[in-house]
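Below is one structure; the comments refer to it alone.
Lettered A, B, C, D and E in written order, each chain numbered from 1.
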């Protein structure tokens, strides 16, 4: 609750700040300060179970350790993102303060989507999270790619909103309680009435769209590619993670007992997502676009949690979102500083910036799922959950084979950094667009270290679920 | 503790010699390495004599040193078995070995000092391995020696490693030996699987528990091993090629000792073979066939060492014939006499080659009688011995084998005698072409001709004496009552076999008649060859067709090349180029390529047009609904 | 009225909206078709609300109002979406002088 | 030694790990060489101490499990049993040898090179001492990563593709194994803290239906088969060996392939006995095909490294076949042969490295006559090569003899076919010796010089090891006796 | 057939007809006008179901505000039938139609057997849809969503500003 209220308020603060802030870099500090505040207040709520604000939400929001932990993760990752990329947000355009305001609103949406307990709050949360993103995607107004991405995102996003509403309507119509509350939708184990089933499929499709699962992923590569890179980093991590948390909450709490009746769908979606994400990523030359596809691929793995729907799945999903977000934010933070976004642009990075290259390697290894990184632990949990579920073991095997494919494209970057020579010709542009500040470098170390620590002791995170 | 426990010294001394010569080859002078090399063998010889005296009265002793392998299901001790058979072989190996070492000090004197030392170290290593082979108390230790001698043979054949032909010969010897070794090993595995051990005495005690299949299989495989080591059909072709090595090596390894390892092994396992009549028949037939085949080839060879090599193969064939017909004593007897006269012949040939400055073609020799009298006389004695002329040693041993063959099956005897005739013929062809007539070499060579130094001639003389008198330990009953001292001596070894075979008692008349036929025939062949080839002139006339086949060794090498080597090479090439590269690796890479290809194709889904995207999404929605509602 | 009539009516409108999205290239019209889809959902929700009210209304008088409030929120969201969407379309039009969704396809593959 | 908290297995992991991290900081080439040699020797000391101090053979003897992922039932449990001891000894012995042998090679960025080498040492040690399946998997992957970097950074021309193939191949295999691990884990019983357990003992006692074992078996086996490698999963190997820097090739072929065998011994045979007995014929059949296949291909190789690579495939195939025969003799043979093969093949690589470093070539067809110039080198190679083809009194003979003897008890015909490799091995080895060392020198080899003292010394160490084990194998056999006995009780 | 039924069928026909014409009209301005007709028809449905508040909001917000905005933009851009981008690829057109119709078919098939077909919709009566009732609910039970939707509007507002501020275009 704290997070929802405070992010909304701080978003307004940032909005008005735009009028008063003189320097271009002031909003960043305000934003960071606000975020720290939100993070701490959320932490307080997580530890004490009591929010600052006593608001009767009529059971439309529900807070427990699961979603509070996730919100904490999301806030923490955003904080890291602000710290690492604050300067880059400033470079996107002139309305810096507004960007931060929008980011806060997105966070508000994230918090709502993570803690909804009614289809209404789910819908509102997702919209609050989406609409600012349409704008952020198009915020690089001078760039036609950004324009195109915004249009595509917007059109397809609102299309999926239509789908989702249709689903909500059928769910509402189908259950005889006449309620949008998740608890009331909760069905028995019997055969679903057709209306519920139709609504469920619509909702499944809409949620799949939000988490960019195939075949509803088409917006992802283009939007991630076209959006200003800083915002891609944010979208691909925190927002997508929130989508997953909403997804699993909805399908676990509302439809968990009838899982057998819709599991086939999720299997098909998971398999398709893994296949398309990994396969298409292989060919990409642009690292940014490759990461977009890789985010689809990672979504495929996260979908295993929806497929499994057990305790391991929930623990694992939190871990996965954290691991994936940290690594992706890290790799994007480096990518933003590169002058050339193609894989060849990374050639010889290790020679000129060995420490950065090592950090990037840690991020990529984590994304691949090599032990000692958080990525391994999260993939491990996903597999654990999926195998525990016991159905469709071929899907698990398929998933790991696709993970092997993913090693192929992640390691292409590692190869470029370490084993290839940089462009030695005179007049060739430098690898990095600007000199890296020590703070940036140390933060990067910190992120990498965090990934390793989580890789060794994932319980540092999962233990909060049982707080 | 039995004082025979120290027999470990016998192989240990050559090992020391090997190590000293091997490690100190740069610092040792030639004299010193010669003395060390020969001295250690002399030491072993003296010990062997002592051992011989210990076991003369029928004692046997197994010396256990340590547990080589000690597992719950298999115990193999590092054991030496000292009995009559091994002590006899010890004497032959160390005795003949010592003579050949002495001979080598002179023969190899032209080598650089480090090569000289290397040579002696190899020779010592060979003696060490050979001693392990015959002293081993179980099949494993025997196998260690068995492969060890193969290795030394490889090293010594390829001693002049700059020459690729020599290397090829060495390689061929090793590989063919290994084929046999595989058979040996499989037999040992079989034994271990069935008996649970490889110790001789345990195996022989439990032999009655084995089924006929087992025994036949084991003995067949052992015999395969023997064909490799002892150059029998089909694995004999390496031995003539092995003549690439220095001549003393040929004398020691490829005539006197190593090649008789197969006979030793079968004699050692006589009980097994006796209980496997089928194998015995095979052994006899293969032995005889080898004897005849090699003899025919030897008829047309012109290289002095090649003739001797084929004669070795042929004589080994006789030994196997003996083993096959159950005349174990005869076979061992022939091993002994053969060791004397064949070593003598090889060393004599070496002396000739030495004098001829490396020339080995007998067509370029002739009339050497007058230049090298000692060599000539000793060589002649050797030839008489191998031709089976009484009372030279070869007569007695060969006669014993042939007599046993006759008792078994007269056909075997008949073919055996035919081989004996050929032996007499080609040996005297060799003798005549080398020593009689007039010299056919270059003027330069003639100028160099000389008798060899004492280090060469003395071993020749000693061996010649042995070649003459060596057979007297086995004078058959028909001549002297109780004359066969060797048989009595070896009786403890073969008693088990004798107990279960029926003895064919032949009348003395028959025996005399058999001897008369073989000796008479050999004498005729001998005189014919003497007469014909002492007047040999170089001629360019083509051989007759059969002569050509014989001169080309029945084209067996070519046959092997065609049916084994070439197909194997092309199979390997096929596997390497096609199966490996295109097949398996192609498949693995194909997965990668397929992923790449799929990636290139699947990206076209991402057409960049919103319309298409939404269309695909709608199709996806349709599919979802169809799965959900219509798939049931 | 049986509820099925409303369901099929809504579905018809919804599908027409989808067909519009699929067949038109003018981004404004596509957007309008999306609005059509939203309205289909609205109509359905209201119909369901009244359906539930018929059954439950006597015991829970305010229960069925939930769906109508929901529709209200959908309209809110739609309004917000429209403002953003039109802003984006206008921006695009300013840059390219086209409202064709297929005009820009720099981002692909 | 240090009480209950730091035991020898822990030291085996952490000494090289910490030393490796320190090595990253030492930029000076000679210093980092000295440091890593020192660290490797200390590790060797620890592994020797491990043999000395851990006489009893049960896996709990030296175990101390730190709580690690307690709620998952995983712990940082390490221990040394017979197999572990023999392999840690091999690993401990190999690294000093490798460091000394390659002391004269200079690498770009030596601190990275040696740091990564030490890290891979730590990873390997971890694999051999882990008694917790998750921990095992951790180390299993971790050993791979440094090697990947080593090969790709310091390897030959086509290193990137070759290593990449190797990496993806093994990674895919290990992921499949991970599925198997998780599935088995979910079948284990609860512990005090967790619903299931990753402990080795739990895995060994898990009750699996034959149907479950059947597919779990393949998941594990594929991972191990790729690592070993077994025909037809072997094609990464020759390329990788060829392209890697020789020091890394030594690690790969000397030790890393043993990971696969070790995996079979520790994790496959005891856990899925029913499936092992069901599929033994298929696996052994594959192995036997591989033995002959690889030996035949080795005959046609022109590159020294590829030749040794294929010979290694053949040898490993025999070891794997023997393991699956589940006969006491055969498994004993494998145990000792793992050690011997490591020593021998490292010896072979050293010789190849010495040739390549001097002449810059390793094509058999280009070499020749080296024996004229460098007799010590030649003798060393001949001895090691002969040991490699299992000549009696060398170490390999013991192993191969026992393996064949055991395999024979399993099935005669497999033994006969596999036995042909004895002959084929002689063919390719002698061919190689002849063409590389004998004959006359040519223009490319005329500059060959005799090797330096340190290299002689290291080759001497290897040769002494070869003969020592060849003559007195019993102590090494003794080491693994009880492990084998345990394995056999599982396979009954 | 009662008056309600007649009205229902009429309004339904109007709704669907309007919707079809939205899609089918070449001229964007006509599309907008047909859309307004559709919205009015839907509002009629709301009235029919006694959801008065929604009927009014629908007309004010949708047909009024939103559609006017659309119209304004279209006029601003001076879009007409000539400037309309043609669907060049016929197969895409047919694919779209076929896909949409199939979806309709599948959904109808899925819901045809719905047990709710016998359930009736309360027409003309029932007071849940009255302004007073809804207002009460909105400001008591639904006050949180109501407040939080202000965030939505704020972000939309900021967005519109951020997006619409004029900046110089450098393509690519």
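Convention: a contact is a pair of C-beta atoms (placed from the backbone, for glycine too) under 8 Å apart; a residue touches a chain by one contact, two chains touch by 3 or more.
Remember, predicted model here, so these are calculated numbers, not experimental data.
The chains that touch both chain C and chain E are A, B. Using mean Cα coordinates as chain centres, the one most removed from chain A is B. If you compare A-E with A-C, the chain pair joined by more contacting C-beta pairs is A-C.
Using the average of C-alpha coordinates as each chain's centre, E ends up farthest from chain D. With centres computed from CA atoms alone, D is the chain lying nearest the middle of all the protein shown. Centre-to-centre spacing of chain A and chain C amounts to 26 Å, using the average Cα coordinate of each chain.
Chain A and chain D have Cα centroids separated by 42 Å. A straight line joining the Cα centres of chain B and chain D is 38 Å long. With centres set at the average Cα position, the gap from chain B to chain E is 101 Å. The set of chain A residues touching two or more other chains comprises 120, 124, 127, 131, 134-135, 138, 141, 144-145, 150-152, 155, 159, 163, 173, 194, 197-198, 221-222, 283, 408. Residue positions 3, 7, 17-18, 21-22, 25, 30-31, 42, 47, 49, 51, 53, 55, 64, 66, 69, 73, 77, 80-81, 84, 87-89, 91, 95, 101-102, 105-109 of chain C each touch two or more of the other chains.
Multi-chain contact residues of chain B (touching two or more other chains): 592, 603, 606, 608, 610-611, 614-615, 618-619, 621, 625, 628-629. Checking each pair of chains for touch leaves A-B, A-C, A-D, A-E, B-C, B-D, B-E, C-E. Interface of chain B with chain E (complex): residues 611-612, 615, 618-619, 621-622, 625-626, 628-630.
Of all residues in chain B, only 603-604, 606-611, 614-615, 618 touch chain C in the complex they form. By the touch criterion given at the top, residues 107, 110-111, 113-116, 141-142, 144-145, 148-149, 151-152, 154-156, 158-159, 161-163, 165, 167-172 of chain E touch chain A in their complex. Of all residues in chain D, only 69-71, 137-138, 141-142, 145, 149, 152-153, 159-160, 164, 167-168, 171-172, 175-176, 178-179, 182-183, 185-186 touch chain A in the complex they form.
Of all the residues in chain B, the ones that touch chain A in their complex are 592, 595-596, 598-600, 602-603, 605-606, 608, 610, 613-614, 616-617, 619-621, 623-625, 627-629, 631.
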